[in-house]
Amino acid sequence: MEQESEWEPKLLGFLCRWCSYAGADLAGTSRKKYPANIKIIKVPCSGRVDPLFILKALRMGYDGVLVSGCHPGDCHYQTGNYRARRRIVITKKFLEYMGVDPRRFQASWVSASEGVKFTEVATEVTKELSEIGANQLFVDGK
Amino acid sequence: MATSSKINKGDLGELLKKWSEEFTVFVPQQEDGKAILAQWDGTDTSFLEGYRNTVKPSKANFFPPMEEMFRFQKDSEGHHIEPTVSDKHKQLIFGIRPCDAKSLAILDMTFKDLYEDPYYLPKRNNTILVGLGCLRPYDSCFCTSLGINPAESTDVDVMLTDIGDQFLVEPISEAGKELVAKASQLEKATKADEAKAKEVKEASYQKVTRKIDTGGIKDKLLASFNNQDFWESIAAKCISCGICTFACPTCYCFDINDELVKKQGARFRSWDSCAFPIYTKMPMENPRVEKWRRVRQKVCHKFEFYPMNFDTIACTGCGRCIRFCLVNWDITQTLDKLPV
Amino acid sequence: MEQKLRDGAKTLLEEGKVDYIIGFEPGSLKFTTTPLITKNKDDVDRLVINPFIKNNLSVFLTELKGRVGIVAKGCDSRSIVSLIQDKQVARENIVIMGIPCPGIIDLKKVELLLGRDRDEVDDITRDGDKVVITVEGKKTEFPTTKLLFDNCLSCESPTPQEYDVLLDETSPLVTDSAASREKIKTLEAMPQEQRWEFWKEKFDHCIRCYACRNVCPACFCKRCFVEESQPQWVLPVPRWQDNLIFQVIRNIHVAGRCTDCGECERVCPVNIPLRSLTKRMYEIVDELFQYKSGMDKEAPPLMSHYEQEEAEGLIR
Amino acid sequence: MTVADTEQRRRFLANGNVYLPHIAVIEKIIDETPTVRTFHFNFKDEGLRQEFTFESGQFGEYSVFGIGEAPFCISSSPTRRDHLEFALQRVGKVTNALHRLGVGAEIGFRGPYGNSFPLDFLQGKNLVFVGGGIGLAPLRSLIWNVIDNKDKYEKIDIIYGARSPSDLCFKYDLDSWGKDKAVNMVTTVDKGDESWTGKVGFVPQILEQVAPSAKNAVAIVCGPPIMIRFTFPVLEKLGFTPEQMITTLEKRMKCGIGKCVRCNIGNLYVCRDGPVFTYAQIQNFISSEY
């Protein structure tokens, strides 16, 4: 067991390259500090995120997953984020029903200019994950 | 014939308790109205009420659905392989039916063939089978067509037959004789007990009404091998799931897979099924893409290829594939319809 | 109704309107029917309609080449509509012979209620809202709602909405929607961790026979993610973690296609209550998007469509 | 076919467990074509390196730990034994992983498995080798074996083809066989390019043109299933009997020892009863199973 004091949540972020990824970049360059707990995977669009990615990340032991894309109406490919939205909310509701804390899978709309919002989202999600503790979903036994 | 003995049904719990000291005792426990082979809870023998046969075949106790073969890890000196320590505990399976006992004898042939299987055989050699005659065969059972009496077996160590208030106990193997000799709960059976048991066995035999004709079946299958129309009609309603394979006590196909997490890894073997299209898939070719080829493989493997290789039909007529098939694909009907 | 079906099916084959007929014929076990898939007009005399025609035959549509005449209950017709919406089959290639369905009898419920197996039951007769079961010569009456499949109890379209021929007048189905979602209600009442433990335990039994997937008309992918090896999303071994991910993703993938036909739960050989997942997903889709699968063949499929404003409040 | 006896089969088991691989190290990598590579390897264990023996035609199960296992024939000849070789095309999970490995990397090896080419039967005969693409790998082991014992065999014909000049494997071998007076070497491609001066045409067609005599001859065929299917009728036309045609087959395999079942052709297992078969053994099933 990891010591409570040493444990830090690990968060995996799937960020759309056209907006949220740029937003995170902006947060970095403008020295807005966001937690180092987040590991970022750049995706071409939030619509690229298959719910499978989310489950796989949780299976691999990430404590939480964040999907972030362009605000509705702003998708580089016109409709990608609208489709992502249907998939995301269904997954979120369904996982919650199965017994997964809804805070483990979150989504946000962050534009390229919203470095501040990205910092806020990453900070809040990390804080929430710290509260709920390490992901034990796929650990054997109990 | 070895001298038989008998035990009062009320004393069976005591006997199982005695055996539990030496073995891990598995019995057909009842769960949601179905019997599953599980470790005896050590309390009573109520599991016998309503017991017909287990849902999962007993092969799972020797050849589990998933099994670790070895672990490996990598360090600065390279890879290290650690064989998974085989479970050395002795198990006793109580209440196995003659069809399932026969299926283990059939599986032995494959797992002993050329290379001894280092996972199956140690478990098999560490097991005592206590058979229990089957008095209520299902309407899907056809064991008698495969030379099995539902209440008689030579593939067990000890055979029990329900003769009313007692079980007649017949030791079959050397290990069985030893086991019976040690059991203080037993008393000597009388002529009348043995006569009663014989009666029960005959009655059980008569209760199996479903039949197949195994005469010349190998040749009929060989002759029909390329009869695509026939196989397509047989396969039409199959949905290519693995239920019949996994429920079958003589199916043993397996898959091997690796998993690696942070330089620590393991290799697993797990049940596989010839019904799955991916089963024979190679990157560039797949000889059994079409469903009828896979169904043909299933039938031919049991009734043509296994007899060619081991002189035994790899089917015991336990009827599970018929009972559990979700579209009621029935092997006995297929064999009936084989073109002559 | 049976005669009408046989005559109709024969005519379809004789006139060359279809290449295949898919229906039910008596099975080889008691109270069992089996799919009949045939090109031969002599076979259609074996077609039956009875309270045991449980299979959703629409699963065979995607693998047959040519035009097909298919026997469909209300739920089956919805699966067909869903396949049409997804362009997996063309409406003009299918002749739907609709059966107004009064519900299908769940033999597992019969067995549990009587404490004996189906082959030791003499007779089961449906008589309106009663079912009469004969065991060893003794007749007992049960309310139909105690013996129908759970999904029948909340059936929204017992009579096919989409058909070419309707074989009978609409007949009333006695439903009991509370009983139909009782298991879900129990789950929802559990604390979160306990729900996850519940599913962990259930999926520990899974043997990965893939019957649930193969029998599902909505699972029509030619290649399933579980069989993908590059990347290897889940291992093809029956381990609860992999089993559970398989089923969660399968449910998400068929969201908006699943019509709550209940076939996955019916076929599970290890009795995993799969409908407690599919039915809940069906409800989630309805709650969020007011969408019911397989109701309108002109409607765009759920996942290829969107509204400008919907599902607010779940995304930051 | 020559089946190793039980004693020999059990000789190289790791810890007595047939499923445990030995650790081997890749010593050299040769790019044969854009998608085919040859790996030279040797066992990490000094003792095994000295003792290990095999016959032409046998195969091994190769592991990339954490990815999985796949079967490939040993493509080097037992007559040239300072290292072992196998060659493979990059097509699936394991082959891709193998292609990612470099010199010095460790792999797992179980084997040798399966039967081997019947050297006793081949001696004193004319040999006709018919190969396509990567299918030359198992033939190559036998060809070098035969060339190293030239005096025991009669005439040697080799007909080998690939889709294009860049898909020809073992070009260095093709060159040295071409120079060998004992060998009649014919190379063909399905489609040539500007610099190609050899024959153009499918292997079965070229075989028909070359028309080797069936008299006192044995044909040994290996290639993609489609090539094998079209080659047998040509050989029949040339007068070869089913007993005079030998092939070595490839199927999806897992265990390599006749237990997991998936590689069967009728009642025969490619891994256990093969991979080397006479056409006579498999003709009942090959039309629909291979």
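Each chain carries a letter (A, B, C and D) given by its place in the written order, and its residues are counted from 1.
FYI, a residue touches a chain if its C-beta (ideal position, glycine included) is under 8 Å from a C-beta of that chain, and two chains touch if they have at least 3 such contacts.
All of these numbers come straight from a predicted model, not from anything done at the bench.
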Which chain is most central here if centres come from C-alpha coordinates alone?
B
With centres defined as the mean C-alpha position, give me the chain A-chain C separation in Å.
35
List the centre-to-centre spacing of chain C and chain D in whole Å, with centres computed as mean CA coordinates.
50
Roughly how far is chain B from chain C, going centre to centre by Cα mean, in whole Å?
31
Quick check on chain B: which residues sit in contact with 2+ other chains?
255, 257, 259
For chain D, jot down the residues that touch at least 2 other chains.
92
State which pairs of chains touch, listing all of them.
A-C, B-C, B-D, C-D
Flag every residue of chain C that touches chain B in the complex, lowest number first.
27-30, 32-38, 55, 59-60, 63, 111-112, 115-117, 119-120, 207-211, 214-215, 227, 235-239, 266-267, 269-271
Chain D residues touching chain B - in the complex, by the definition given at the top
6, 9-10, 13-21, 23, 44, 63, 65-69, 91-92, 95, 106, 108, 224-225, 250-252, 254-255, 257-264, 266-267, 272, 284-285, 287-290
Considering only the defined contacts, which chain C positions touch chain D in the complex?
229-230, 232
For the chain A and chain C complex, residues of the former touching the latter:
51-52, 55-56, 59, 72-73, 79, 82-83, 85-101, 106-109, 121, 124, 137-138, 142
Touching residues on chain D, where the partner in the complex is chain C
92-93, 96
